[in-house]
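Dropping a structure here in structure tokens format, bear with me for questions.
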Amino acid sequence: MIFFIRRALQDMNNNKFLHIVTIIIITLSILIVSAFSLFFINANDLMESWKKGIRIMAYIQKNTPEVRILDLKLKIAQTGNVKDVRFISKEEALELLKNQMGQQRSLLNDLNGNPLPDAIEVKLKASIENWEEVEAIAARIESYPLVEDVEYGQKLIGRFTNIFQLFRFIGIAMGVVFFMASVFIVANTIRLLFYSRHDEFEIMRLVGATDGFIKAPFYIEGIIQGAIGGIIGITVLFISFWIISSNIDQGFSSYFFSIRFLPFKLSFGIIICSMFAGWLGCFLSLKQFLKT
Amino acid sequence: MIEKNNSDYLIRMFHVSKSFVAKSALSDISLDIVKNEFVIITGPSGAGKTTFLKLLYLGETASQGQILIDGKNLSRITRKNIPFLRRTFGIIFQDYKLIHTKTVFENIALVLEAAGNKRSYVQKKVKSVLRIVGMEGRNNSYPPSLSGGEQQRVAIARAVVGNPKIILADEPTGSLDPQSAEIIVNLLKKFHKRGATVIIATHDRELIRTTKSRVINLKEGYVQSPKVITI
Amino acid sequence: MIFFIRRALQDMNNNKFLHIVTIIIITLSILIVSAFSLFFINANDLMESWKKGIRIMAYIQKNTPEVRILDLKLKIAQTGNVKDVRFISKEEALELLKNQMGQQRSLLNDLNGNPLPDAIEVKLKASIENWEEVEAIAARIESYPLVEDVEYGQKLIGRFTNIFQLFRFIGIAMGVVFFMASVFIVANTIRLLFYSRHDEFEIMRLVGATDGFIKAPFYIEGIIQGAIGGIIGITVLFISFWIISSNIDQGFSSYFFSIRFLPFKLSFGIIICSMFAGWLGCFLSLKQFLKT
Amino acid sequence: MIEKNNSDYLIRMFHVSKSFVAKSALSDISLDIVKNEFVIITGPSGAGKTTFLKLLYLGETASQGQILIDGKNLSRITRKNIPFLRRTFGIIFQDYKLIHTKTVFENIALVLEAAGNKRSYVQKKVKSVLRIVGMEGRNNSYPPSLSGGEQQRVAIARAVVGNPKIILADEPTGSLDPQSAEIIVNLLKKFHKRGATVIIATHDRELIRTTKSRVINLKEGYVQSPKVITI
């Protein structure tokens, strides 16, 4: 094994130009994939933070005793996909309403009594995928006894939720496409690299080298190249990210979500895949060039 | 001709032909080569000498006929076993076939490494064989920086470094001056004396004249009037 | 010229494998760039449609005569970046409010009189880039005589506008990065292709060919490869787009904006750039390999 | 030696040396070759024959000394003019230097196309030269599918197709059988008779013996005892 690694390194040294160009191509491909992943992850975070805006208000029948309200609260909290529940008394509701109304609050000043009902505010889990689910949960809550009526967000946000869904779907699809394209770019680059050297394979075979003996260092080279390209790619992205985000972060994102780099696992996975692409390139080319 | 024991035959060919697309290179070749024979194959350019050698080391497969080497039928050798067949040969290719991106040392060491030899043995053996062909001190040169004759000598060194049972030499003295050529021919003869079977393909009249041995004369793919001279 | 094109085509035929692999790599690179552009363009459209939600309400002093209101309306309409103005009478405003309040409308039922002011709704142009601009326009409108007060959207949308801005900035930056990465991938691939053939250049030079004679067909090849790769890449993207969008379009997008393919000019530009990348690859490699 | 007019000299070398990293290939070579001379350069493997030829066509540049070709100093030739210098040569390379991805026809046609000849002329001329070297009908073969001798003959055809003023032939008969070699030597002699200057680097004693001409003997980069034989 050490012997083969030594041979691989020696060989990379002997064919520096070819290997440098190959690593450049791999680096660029990995940069594309990881940049897109980074973009997508953050866009997705943004979407998630947005979705948290969806709330269901469950209005409670008038004159319900407090204990029963607590029961109901518990019951709603145990409903699927509910993250959090909060009791909002009619007094609190009126105060909120006044705040919301802004200019028009004057309307409420000469009110006699508080005609608003008590309510339970229901926050949903971020795992909610589309508007239909929100509607389903609302219907479920409405069916509970003591619940007079439910009201949920503006239909607007619901529609955007669906568009987010589409966005995420397209994002993932594009990620997969970019990823596959990059793997194939890397693999084909390594094929190109090896094609220019197939005389060498032929000579080695003619002097009695087994296929395994010939292949081993090339696989190692392919994997090393994949690793180097992957690591450089991720590093370049990280540095760019760091420079950009340290200039931008304060300005924009802190309110709703904060920009973050690729999670370690994903970065690591991308490098592993880059190595896999290197391996695949070898596999495809060696399969082809070692035919008799 | 003396009757031979079956096990004396190293190479047997039965009605072997090789044709390429629109071109026949060898036709109906039947001949036997016994162990430790020294054979010269000659004939004009394009007669099929190189193709003849290629058939032996499975650089090409025969279109027709059967070839036995050491009793094994080449058409029955599996792909996996080809490298092991080839290790019984030491081959000097007409166009040398040196790897241009590896040094002289690495080119020769490759044969021994591929056969699984230890590093220290490889080091010693490669150096000694380079000394024999007069290329000591060029260890770290790359083939493109060598003269034609120097490349040929490296190719010869590579062919003999593994102490092969059979040496196939395709025009081994084509790029060499008479003195260097003599050294090489003596080297081949030394291996022959040690027990190797040597097959040389050449045009070199000098070589044919000074080496009293069996000469197979090819012409347009056919064997011409075979004559056997034992040394 | 025809002679060189013939030689280029002949040469591509002689080195089929190399050229096919090169074209595959170019195609994949172009696919990445154009897929991202497509994504970005549509995401941008989506953002635009969203931004249209920003409205400024200008509340008018009580008892302003109708003619003066018309004057004001005209004045506001002529303010920079204003797209559209609409008069909303206090009756209409109350009706709208009732609709908005949903469950809580019961509050307004026992109202005596209508305390709401008349208002002018101001829609802004989509060319508005950030929240600061919106604030500036609002301040401007507030300074007009007869305007009692202005109110504009929820601060929420404003913040999202800034995030959109960031999104667009990052999207364009990424597009540029992807684009450059692809150009370099293509260029380096062509270098790899030529490296494997530099013996050939050397031989041609030795038999008395001028650099121009040697280069011409290679440039043509590089450009042809760039063109083929670019066209295939765009075509593949178009077909995928067509298949996906014909399945998705009805479901989601029609409400706010409709998904569209890359504008013709951009597709064309991408192909031109792909050809340029092919040319660049030749330029870099030939410069390198034709040194004495 | 007869006094020569300055314009009679085609090639003049003054104290020319060529050394590579840690290796000196040619040392202090001074000699003149007149127009229409037929010169044989010989010497053992690695003596510097190929390097000598390379200096003439600027395949390498001299480390020291001056070379004049047709009165032009090679050290003053600009990069742009190198192709035009090279067109005055027809070169048979020791390793043939055929382009493996082009057919025999394309390989030879290249020389004429590079010099800007018309297509119909190229067609006719290439075919006729292939006939002369006995390779008619192999137009569309690729070099790797040719035998060593066949490749050499293609290389020769390429060298002479442009009717060069100077023919440089590096071991032109190394892979050829005596009959083919004779045909080639006669071809070179024919070009010589037509006015070309011919410089052959070779080990082939037969060739040296049968060709009564000036022989320059190199050894380890130095010219040995020059002898001039006029034909």
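Letters are used for the chains, namely A, B, C and D, taken in the order the chains are written, and counting of residues starts over at 1 for each.
Everything below uses one rule, namely that a residue touches a chain if its C-beta (ideal position, glycine included) is under 8 Å from a C-beta of that chain, and two chains touch if they have at least 3 such contacts.
Owing to the predicted nature of the structure, the values given are computational and were not obtained by experimental measurement.
Listed here as common contacts of subunit A and subunit D: B, C.
Shared contact partners of subunit C and subunit D: not a single chain qualifies.
The chain with its Cα centre farthest from the Cα centre of subunit B is C. Subunit B and subunit D, compared by their mean Cα positions, are separated by 31 Å. Centres computed as Cα averages put subunit A at a distance of 22 Å from subunit C. Computed from the mean C-alpha positions, the centre of subunit B lies at a distance of 67 Å from the centre of subunit C.
Measuring from the averaged C-alpha position of subunit A to that of subunit B gives a distance of 62 Å.
In subunit B, no position touches at least two other chains.
Annotation for subunit C: no residues touch two or more other chains.
Chain contacts here close into one cycle, and each chain has exactly two touching partners.
The set of touching chain pairs reads A-B, A-C, B-D, C-D, using the touch definition from the header. Of all the residues in subunit D, the ones that touch subunit C in their complex are 57, 59, 79-80, 82-84, 86-87, 89, 91, 93, 97-99, 101-102, 106, 110-111, 113-115, 119, 158, 162. Within the complex formed with subunit A, the residues of subunit C that make contact are 17-18, 21-22, 24-25, 28-29, 31-32, 35-36, 39, 43, 46, 50, 57, 59, 93, 97, 101-104, 106-108, 110-112, 115-117, 149, 151, 159-160, 162-163, 166-167, 170-171, 173-174, 177-178, 181-182, 184-185, 188-189, 191-193, 195-196, 244, 248, 251-253, 255-256. Interface of subunit D with subunit B (complex): residues 20, 42-47, 49-51, 94-95, 145, 147-150, 152-153, 170-171, 174-181, 203, 205-206.
On the subunit C side of its complex with subunit D, the touching residues are 3, 7, 10-11, 14-15, 197, 199-200, 202-211, 213, 292.
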